[in-house]
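Some structures to go through are shown next.
Heads up, the next two complexes both have chain A, just with different partners, chain B and then chain C.
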Partner chain A sequence: MVGRARGVGAAVVSFVLLVVLWELAKLLLPDEGVLVGDTRVLPRTDEAAMPHVWTVFGRLFEPEVAGAADPRTVGAAVASGALFTLGLALGGLVLGGVLGMLLALAMQRFGLLERAALPYVVASQTVPLIAIAPLVAGWGGKIAIMGWSWQPWASVMVIASYLAFFPVAVGMLRGLNAPAKADVELFRTLAAGWWTTLVRLRLPASVPFLIPAARLAAAAAVVGAIVAEISTGTRGGIGRLIIEYQQSATGDPSRLYTAILGAAVLGLVAAGAVGLLDVGLRRYRGSVR
Partner chain B sequence: MHRSVVRRLALAAAFLVAAAACSVTPEGGGTAPPGEGPQPVKLQLQWFKQGQFAGYIAAVEQGFYAERGLDVEILEGGVDIVPQTVLAQGQADFAIAWVPKALASREQGAGITDVAQIFQRSGTYQVSFADKGITTAADLKGKKVGNWGFGNEFELFAGMTAAGLTPATDVTLVQQQFDMQALLSGEIDAAQAMSYNEYAQVLEAPNPATGQLYQPGDFSVIDWNETGTAMLQDAIWASTQRLEDPAYQDLTTRFIAGSIEGWAYCRDNVQSCRDMVVAAGSTLGASHQLWQVNEVNKLIWPAPSGAGVIDDAAWAQTVQVARTAVNADGQTVLTRDPDAEAHTNTYVQQALDQLKAEASTSPVTATRPWRSR
Partner chain C sequence: MTTVHLDEVQKRFGDVHALDGIDLEVAEGEFVSLIGPSGCGKSTLLRVVADLEQPTSGGVLVGGKSPHQARVDQDYGIAFQQAGLLEWRSVVENVELPLHVHGVDKATRRSRAIELLELVGLADFAQSRPSELSGGMQQRVAIARALAPSPRLLLMDEPFGALDEMTRERMQAELLRIARETAAAVLFVTHSIPEAVVLSDRVVVMSPRPGRITDVVTGERPGVDRDVDDVRESSAFFSAITAVREALRKGHP
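On to the complex of A and B.
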């Protein structure tokens, strides 16, 4: 309990420190930033580039669109966008996580498959996301699965899962192969089959590898969802808000920062959701070495 | 090595998709035989819904498409969505795209045809603070000149070349973001701006010296329409291959007619169109959209030979600039002249005839002249 309270305290202190640092930078550094020759080493600190923290927070409670019939505040817009993206990122995380785990199981079971598939798994992550995004977005209107026609948000989820499956597959494979040779040989001596060895030995042993992998995957899924939204222009999420607010950042810079703030909070929430998984699987932590 | 890996991955992915998909709908919606109910049509925009596309939004909202038996779905663009590619791949029935960019795609094999030139003029400016004294392209010499790149910069480069400058050596070229802060903070001397969007954004920004918003008098503007290096922009593009099908020809004519009626509505009802654009979800604000619809109207009207008609001289100038203007990477937009199928006035003329016939029989539309006014 004390540890939990200390964790929350540390989070609050680090946030306050960030705010103080931001405001100090505005106060002490020149408005034009610092240039060495023609290379910028410190950013501009004027109102347009770095609005005051309180201006950004104040903007959250002002109407999103001047002169619109719908008096929604920026805060409400950012919150609903972040929730939408969170749903897609978590969906992508689950989809990618399941695929990654199945792939890892198959690769562990069949050594040939591991040697054949692993290079492609690694190569999949070197393909730029912006090259895949329009491709996947193009499925819209072309594919119908059991009478359900492909929706734009499904493309975003698939792209998120494309980034999320990689750490899970690699981490899980490592974990499945983690048990000590002596343990594996003991199971073999006892005539345990592949399935028993998997359930009793390999899966528990993989948990300490899976949790950090899932944390990485959650962050990747959020990044994937936001980039996919920006790339394909999918309406409703925080990625779309970032690009829309950036368009009007000339006259309204603080609104852009509210969306970026929303994206940051979104990442924390997604990582926190994986933390719940950690709590649920705690008893397997370090159970098998 | 990497390419083959990517290709194999793509093949595997394509196979999985094909296996997972229980049914694949036919390309686009327009090929469906006209039966009961309106015909579904997909229109791909270049960007999010905003005043730039007010005419199409109005045509949907006011029922101008529905009157012609069309159920038009407007697909928004995104950072990586290339409308002419979406059209060429059959995921949309029509697309809105700038002429030079679409012609570049056409040269690379995209089968698309310009069937209506909605914007008769270019909306691209080069904007600078008035005290810099940059009023002609020649004044850019020695300045830091912002440009967007990605094919949006050729009017600027043609303008500088026509003024006797060598863009690569006589000016400092700066890759510009999509906001105008670099101009306002003085990091660049002259910035690219669309008359209907970025130019409005600088006028919506507060001037720290006065505490008020910037005024048009604070800036000088180079309008490429006046230097003879302007290129045609927003046009309606159709699939070249499908234009051989009489049903699609008819669809194209009806779609153009509905679109022109929508634009005529926005010419006469600017505020109503502003409200429709804001209601469609644009977050740029109502006053910005009012500016945008007003400025876009100036690009569409007057249309000397009829709304949407491709002017031969403007087309020739666009092609000439596309073939000769060299950008910072030493590239031109086009390497050869586009073939005759790249543009046609057949369908826009039919659409204008249809609109005239409707106007003479219907008292409602009789007040909407299709010629310029």
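On to the complex of A and C.
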């Protein structure tokens, strides 16, 4: 419990530090930024580039559209967008996580598959997401599964999973191969088959590798979901809000920052979800030898 | 019936002649040590008996069965130099592992594991994590684990090699007592001449390139009536050590 309290304390302190740094930069640096010759080495710090922290927070409580019949605040819009995107990111995380684990299991089981598939797994991550997103949306638009026609949000989830599966597959494969040769031989002398060795040795041994991989995957799924929303033009999520608020950034720069703030909180919540997994698997955490 | 029967066993790894013409019998309840310089094939020989390596030629019988069948039937228990306990299992759960793998029900395997922990003197540590135990204690847990399926044969590959001298001597006394109480035969690989002499009925001396048995020396394994420390100070002990040393020198000029 002390560790937990300390963790929360550290998070609060780092947030306060960030705010202080931001405001200090605004206070001490000139509005035009710092120029060396014609090169700007530090950014502009005027209201348009770096609004005050309180302006950003204040914007959260103002209506999104002035004088509209439905006075929804910016904060409510950001929260609902973030929640929508969180659902898609977590969906992508679960989908990608399961696929990544299955792929790792298959690669561990069949060494030939590992040598054959691993280069493609790595290559899959070097293809730019913005190139893949329209493709997925395009394919998706052409299929209907058992009467259910493809929805744009499903494309977003698939794209998020495309980023999330990679760290899980690589981390899990490493974890499955983590047991020492002596441990594997012990199971062999016990006449344990592949399945028993997997369940009693390889899976428990993979947990310390899986947890950090899942953390990376959660962050990747959030980024993937936001970028996918933007590049497929999916409505309802934080990605869309970022685009919308960006268009009004010249007039109201702090609005864009509220959306960015929402995206950051979203990432923290997704990482926190992985933290729950960590707590559940605590017993296996210290098993790296 | 012999517990281990090796007939003209050969093992090649490519061009390396690891074992050549190995004939060896281990009787029921007998304690046999394999000693020799690195590369003499003593670990390979143990691994052939354990069905972790296939002999290139020759016959191997473990309890009258093929090594594969003996492994499947859990006729032997094995302990390596590293205790190799699973960190996510408590001490008692580690001892239970062989029974767990073979689907023995929880109550039965738990009572058997507790019984074995009492045998190795670690009943008080049943719920501890392996990392909380000293090296010697971990090795005792590994021995208890090897004994879980009540094997008639215990295979040990330098199990005390990583322990300090004091712990090592205490573990040797423990092992002698355990071997006596379980009446299991032991095939024991070691680098240490005194260890081989004090534990064994017979010390099998091997030489490298190709791995061969060059000599067999009678050991000084103490019976029920004799304390192991008395053996360590007896003149018979020292003359057996000399005999093993000379056999080693002869095989490795």
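The definition used in the following text is that the second predicted complex is superposed on the first by the 283 of 289 C-alpha atoms of A that agree within 3 Å, B and C clash if a C-alpha of one lies under 4 Å from a C-alpha of the other, contacts with A are read in each partner's own complex, and residues count from 1 in each chain.
By definition in this document, a residue touches a chain if its C-beta (ideal position, glycine included) is under 8 Å from a C-beta of that chain, and two chains touch if they have at least 3 such contacts.
Since we're looking at a predicted model, the values are computed, not measured.
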item: Superposed partners chain B and chain C on chain A - clash or fit; value: fit
item: Vertex chain A angle, Cα centres of chain C and chain B, expressed to the nearest 10 degrees; value: 150
item: Contact breadth on chain A, by residue count: chain C or chain B; value: B
item: Touched partner set for A:P204, first chain B, second chain C, both or neither; value: second
item: Partner chain(s) touched by A:S14 [first = chain B, second = chain C, both, neither]; value: neither
item: First (chain B), second (chain C), both or neither touched by A:T39; value: neither
item: Which superposed partner A:A182 touches (first chain B, second chain C, both, neither); value: second
item: Which superposed partner A:A192 touches (first chain B, second chain C, both, neither); value: second
item: Minimum Cα separation, chain C to chain B, after superposition on A (Å); value: 37
item: Common interface positions of chain A, toward chain B and toward chain C; value: none
item: Chain B residues within the chain A interface of the complex; value: 2, 5-6, 8-10, 17, 20-25, 27, 42, 47-48, 76-82, 85-86, 89, 91, 178-181, 184-185, 197-198, 201-202, 204-206, 208, 275, 278-279, 281-288
item: Touch list for chain C against partner chain A, complex; value: 50-52, 71-72, 74, 76, 78, 80, 82, 84, 86-88, 97-98, 100-102, 131
item: Chain B partner contacts - residues on chain A that touch it in the complex; value: 32, 44, 46-49, 64-69, 77, 119-120, 123-124, 126-127, 130, 133-135, 137-147, 149, 230-235, 241, 243-251, 253
item: Contact footprint of chain C on chain A as seen in their complex; value: 180, 182-183, 185-192, 196, 200-201, 204, 207, 283-284, 286-287, 289
